[in-house]
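Two complexes follow with chain A in common, the first pairing it with chain B and the second with chain C.
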Partner chain A sequence: MRHRIGLAVGPATFRIGSAWRAPIDALERLYAAYPPVDLDRRVPDFTVRLQPTRPWRRLIRPSIAIAGDHMLPDAAPMALDHGLLAAEMGMNLQMALGWRRHVLLHASCVERDGKALVITGESGSGKSTLAAMLGERGWRLMGDEFALLDPVAGTVFAFPRLVSLKNQAIEVATAGLPPERLGPRLEGTAKGTIRHLVPPVEAIARMAEPAIPRLLLLPRFGFAEAHRPVEQGEAFVRLTEASTNYLALGETGFRALTRFVREVPAVALDYPDSATVLAAVEALWSEVA
Partner chain B sequence: MDATYRAEPPDQIIRENLGAIDALYHRRSGATHLVAAPVPQILDALAEGPADLDGLMARLAARFDLGEGGDAARQALGERLAELVALGLVRDDRPAD
Partner chain C sequence: MSAPLLVAALLDPGIVTALDAPRWTGLLTAARAERLIGTLAERLRGLAVPPEVAAILADASLDAERDRRQALWEIDRAMAALAPLDCPVVLLKGSAFAAAGLLAGQGRAIGDLDILVPRDRLEDVEAALLGAGWEWVKPDPYDDAYYRRWMHELPPLIHVERDRMIDVHHTILPLTARPRPDAAALIADAVPLSGGVSVLRIDDMLCHAAAHLIADGDMAGGLRNLWDIHCLLVEHGEAAGFWAGLEERARHHGLRGPMRRAVRLSHRIFATPIPADWRAGGTLDGLFAARLLARTSWGREARPLLRFGFYVRSHLLRMPPLMLARHLWTKWRKGYRPVG
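== the complex of A and B ==
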């Protein structure tokens, strides 16, 4: 590929190659605080390629196809303006389809005093936004997309990629933050407007530190405030649904998730706005921490 | 003649109790199953050895109060066993005529 960059996020390393300069420039700026990966000296875990859908498309109305070690056959091509998003999606895809060292949970995660709050929910539940806000309010952001559960130790490892904020969440989660922590506004993507947020410096510096899961939160945005304990069986089902590699890990995944739901209490939390959810999280945390 | 039901070998199924349900990991298929009462009780009774429907009913009746509805309980047990056979967690060995 004409342009490339090596990135390390949590325990995973990536080579991002691109037919165009612009996506690599955006990654270099936003990942400046992450540890460098020298691609001439080490083989990364995954490769992501951003390539033209047709050779001439590099120049004329460029359209990006995401390729890599692991691919979805029907991934739609994207506009070059969304190259940064294509790179992020490509990295997520490699993790979701290829990572085997941990049970991969589609969840956001924050840490305080060595203990982790793991937040899982469907798209739109607010897990990214909540993790981003907590990451600016005294918690260490461990990740907004994946939590990596160690099947032996039972600890969670961080994957603090750029936080992907969508639509209304952009204003809520980025208020008061300096522009250098923000990526470009990407309008008109498949998920609406997206803006990336660089995690706090401490979150990046400490990304190799695991934490002991202490609370599993299942939030739902857009409802009156209410919370209820979630039984182990329901939490287990939700975690198997939230794990992209549960089936691939077989018995290892089964033992890791049954242990998790036995040791970690789970709470379903409905909330109407960010002030409510932030207060509710602190109250729930004070009961378990 | 009734089918004889046989449990999977004990090392083939890992069972973890998660409150109201049990999670089963079936090594041979790699599948996870979530089961609620009376399925764990049926599997326990069958683990004592192969049995036909009446034999299994007798084992369960010795442990649990099945009440007056013996026929209904027998029918329900037959249905649960058919489901477990379909999942591969129980085998039914129909004897040769």
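== the complex of A and C ==
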């Protein structure tokens, strides 16, 4: 590949190759605070390739195919303007399909006093936005996409990649933040407008530190405020649905998740706006922490 | 190009101790792309490697072990569905290697369950599987009709709960291909394992692997198939009368040419010990070898023209030109485009 960069996010390392300069430039700027990965001295866990969908599509109407160690057979091609998003999607894909050292939970996660709040829910539930906002309000952001559950210790590890904010959440979560912490506005992606946010310096500096899970939150955006405890069976099923490698890990995954739901209380929380959810989270946390 | 490094590491694992980080990266990336990473992990077991490499190889071993366990379970489930039929069921490819405990199965990635049954029992087998939770993957009428008329297998079925695919074969090459392997003999001479299931005789396994690699398809991912062939030859090539038997069996199935080429390629790439009289011929072997080794350190396939040549060849092998034209026209109108 013509251009390349090595990146480390949490415990995982990546080699990203691109047929174009621009996506690598964007990554270099936004990942500047992350620990460097020298590809001449270190073997990365995964390779991601941003390659032309057809040989001539590097120069003529550039079109990116996301490829790498692990691929989806019919992934949609992406515009060169969305190259940063393509790289992020490529890294997520490697984790979702290839990571085996932890139970991978599709969840956001924040930490305070060594204890973790794990937030899982469907796309649109607001888990990324909530984690980003808590990360600016006294919590350590551990990640907005994946929480990595250690099957032996029962702790969660951080995966603080760039936070991916979508549509209305962009204004809500980035208000007052300096421009150098923000990626370009990516208009017209498959999920609407996307803007990436660099996690706070502390979140990156402490990304190797695990935390003990203390509360599992299942939020839903767009409803009147309400919360209810979630019993272990339901929480277990929700976590298996939220895990991309639960089946691949076999018995290890089953033991890790059954232990998690026995030890960690779960709460379903409906909310209409950000002020409500922030207050509700602090109230729920004070009950368990 | 990293495929030759992958070959070297599989044959002589000790060489990896001298690799620097970029060469390790190329090796592991090529091994993943060729679906040989589990095999590589098996071969490198016990060697001193950098810690980040050890972690990647441990993941690969975990995946291979899961594949093996899942494959054996799928065999068990399929046999539970098919046992009442009193119909011979012969395992093919990876599942067969795993069930029979063959060298080729060590660390091997195993995807679908492939079975061979007599053609006149296909309807019963299909009905039994549909009754036990398998369902069609592609309900497209043209594809379905095409499979049933011209292919060597039913359209793929997937289990509704376990999400695992089964390919039910009635022979080992499409009916449109020129060679007509003797499917009845494959089944009649199969070797029974416990649980009512069988595997092909070793020479028939080799005929199937050679047919699949050389006489069908465009050789994409073929290095793993060639490794299967190498392992079968290494494990059984020293048995008395093995080579004469293999020659005779391949001829019987109309696969003498593909078999000889597969054996020569195994010798050429993996240095498989073969008798002198199997080495003759092979003017075009260089092209086949180049195609099999066209994997870069980024895991991409190099040599686009060579690949395109083999892509065209795969279609000419599969069906006569007029039929091919009609087939491609139908697929094109449905929006299918070959991957470049």
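The rule is simple: the second predicted complex is superposed on the first by the 289 of 289 C-alpha atoms of A that agree within 3 Å, B and C clash if a C-alpha of one lies under 4 Å from a C-alpha of the other, contacts with A are read in each partner's own complex, and residues count from 1 in each chain.
Simple rule for what comes next: a contact is a pair of C-beta atoms (placed from the backbone, for glycine too) under 8 Å apart; a residue touches a chain by one contact, two chains touch by 3 or more.
These figures come from a predicted structure and were not determined experimentally.
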Pick one for A:Ala224: touches chain B only (first), chain C only (second), both, or neither. neither
Touching A:Arg15 in the superposition: chain B (first), chain C (second), both, neither? second
Quick one: classify A:Gln232 as touching chain B (first), chain C (second), both or neither. first
Examine A:Gly250 and indicate which partner it touches, taking first as chain B and second as chain C; both and neither are also allowed. both
Could you tell me if A:Val43 is touching chain B, chain C, both of them or neither one (first, second, both, neither)? second
For A:Arg101, is the partner it touches chain B (first), chain C (second), both, or none of the two (neither)? second
Between chain B and chain C, the one with more contact residues on chain A is chain C
If you stack the two complexes on chain A, which partner ends up touching A:Val152: first (chain B), second (chain C), both, or neither? neither
Just checking: does A:Gln51 make contact with chain B only, chain C only, both, or neither of them? Give me first, second, both or neither. second
I'd like to check the shared interface: which positions of chain A are touched by both chain B and chain C across the two complexes? 250
Could you pull out which chain B residues touch chain A in their complex? 14, 16, 18-21, 23, 25, 27, 30, 32, 34
Parts of chain C lying in touch with chain A, wherever the complex brings them together: 20-22, 24-25, 28-29, 32-33, 50, 52-53, 55-56, 59, 62-63, 66, 69, 298-300, 304, 340
Give every residue of chain A touching chain B within the complex, in rising order. 231-233, 236-237, 240, 246-247, 250-251, 254-255, 258, 261-262
Parts of chain A lying in touch with chain C, wherever the complex brings them together: 1, 13, 15, 17, 39-45, 47, 49, 51, 53-55, 67-69, 98, 100-101, 248, 250
